[in-house]
């Protein structure tokens, strides 16, 4: 019964999350032998001011117009 | 000095969180021997579109009208 | 269906964790109206070298002989 | 650049984790439009004494002989 | 490639987060030998009703007018 | 009172963690105005088989001999 916590930039649609949740659950059932009903996934969405890589906020990076 | 991170659906009132925080802190003091002042609890609230079990978003489950 | 992630110093017995899990689950059922079966609790145990408060590792604090 | 933190029972092989990591990354690239190189996945493995559902430790549940 | 997840009260400005992200990244490069580009930092901001210490919500503590 | 959870490859010494904890705490005091005593840092160390980027386990990447 894996717990999956995903931190990502805000901006994905409900339909994208629906497909991500379904896809990740399928992977865990098939590859980890996890029981489908026990798999829980939570999306923690953060703004571009609350996410940094390489010491730089996403909001300060010029070349990424879409949430990646 | 346990840290407790709770991920749950949004919708609980401040009073519910107050009672949850108090109750969990009491459990940790009594059962873990933790020092009360050192116990920190954070609630991470997510929407029904950001929470899935069994590969299905909470917003797609028909039979759960209240946040559970 | 709250997810509870507890970070604490290693050293609690299985029986302590059993009582903590039971107690926290009861609090969430009673105060948050959560469904008992949906509550998941994970303990992430860390060593005294992997835990710091006030900028100081727990292993460097002289006056705390037991895990707190 | 989603971060994926997976909490699960210890016992999966490196090959299982390899396939889980690959599969989840593919899902996030395809469904979230995430950049492959930016996707990070960490497995946090816990023992059956450190994982509970419904208020009961996994080590106390009689009917689950394999890690699920 | 450390992942850093920071839970804190909402209220810091983008400029504060910018400096925190830069400063923590520098610490990890210098002290952990981490590769700068691989360091990811996420801020999870919670309200005063979603944060408790010593069993008491931050919103119920009288003497802390600023987010600390 | 920020909580800082750091996920990184195992292999850092206690002295490295000491310096990281001290350095990050200083950053949060100086840049976030956080109260020093309230800052808690936990290191969650994972093996190279439990950490992946770009869909590939760290243990499968040939060119990184030291933990980064």
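Order as written gives the chain letters A, B, C, D, E and F; numbering starts at 1 within each chain.
The criterion applied here is as follows: a residue touches a chain if its C-beta (ideal position, glycine included) is under 8 Å from a C-beta of that chain, and two chains touch if they have at least 3 such contacts.
The structure presented is a predicted model; accordingly, all values stated were derived computationally and were not measured.
Peer 1: Give me the superposition rotation angle from chain A to chain E, based on Cα atoms, as a multiple of 5 degrees.
Peer 2: About 120 degrees, rounded to the nearest 5.
Peer 1: Do chain D and chain E face each other with the same patch, meaning over half of the contact numbers show up on both, or with different patches?
Peer 2: Mostly the same residues form this interface, as more than half of the numbers used are common to both chains.
Peer 1: Work out which of A-D, C-F or D-E repeats the contact pattern of A-B, with more than half of the residue-numbered contact pairs in common.
Peer 2: C-F
Peer 1: Once you find the CA centre of chain B and the CA centre of chain C, what distance in Å lies between them?
Peer 2: Chain centroid spacing, chain B to chain C, equals 14 Å.
Peer 1: Report, in whole Å, the distance between the mean C-alpha point of chain A and the mean C-alpha point of chain F.
Peer 2: The separation of the two C-alpha centroids amounts to 21 Å.
Peer 1: Please set out, as single numbers or ranges, the residues of chain E touching at least two other chains.
Peer 2: 1, 3, 5, 7, 26, 38, 40, 42, 44, 51, 53
Peer 1: Based on which chains are in contact, what kind of graph results: line, ring, star, complete or other?
Peer 2: other
Peer 1: Where do chains touch, given as pairs?
Peer 2: Every pair of chains meeting the touch criterion: A-B, A-C, A-D, A-E, B-C, B-E, B-F, C-D, C-F, D-E, D-F, E-F.
Peer 1: Note which residues of chain B are touching chain C in the complex, please.
Peer 2: 1-9, 12, 16, 19-20, 23-24, 26-28, 30-35, 38, 51, 53, 66-68
Peer 1: Where on chain B does chain F make contact in their complex?
Peer 2: Those in contact with chain F are residues 1, 3, 5, 40, 42.
Peer 1: Can you list the residues on chain B that touch chain A in the complex?
Peer 2: 7, 44, 46, 49-57, 59-60
Peer 1: Quick one: in the complex, what on chain B touches chain E?
Peer 2: 5, 14, 17-18, 21-22, 25-26, 36-45
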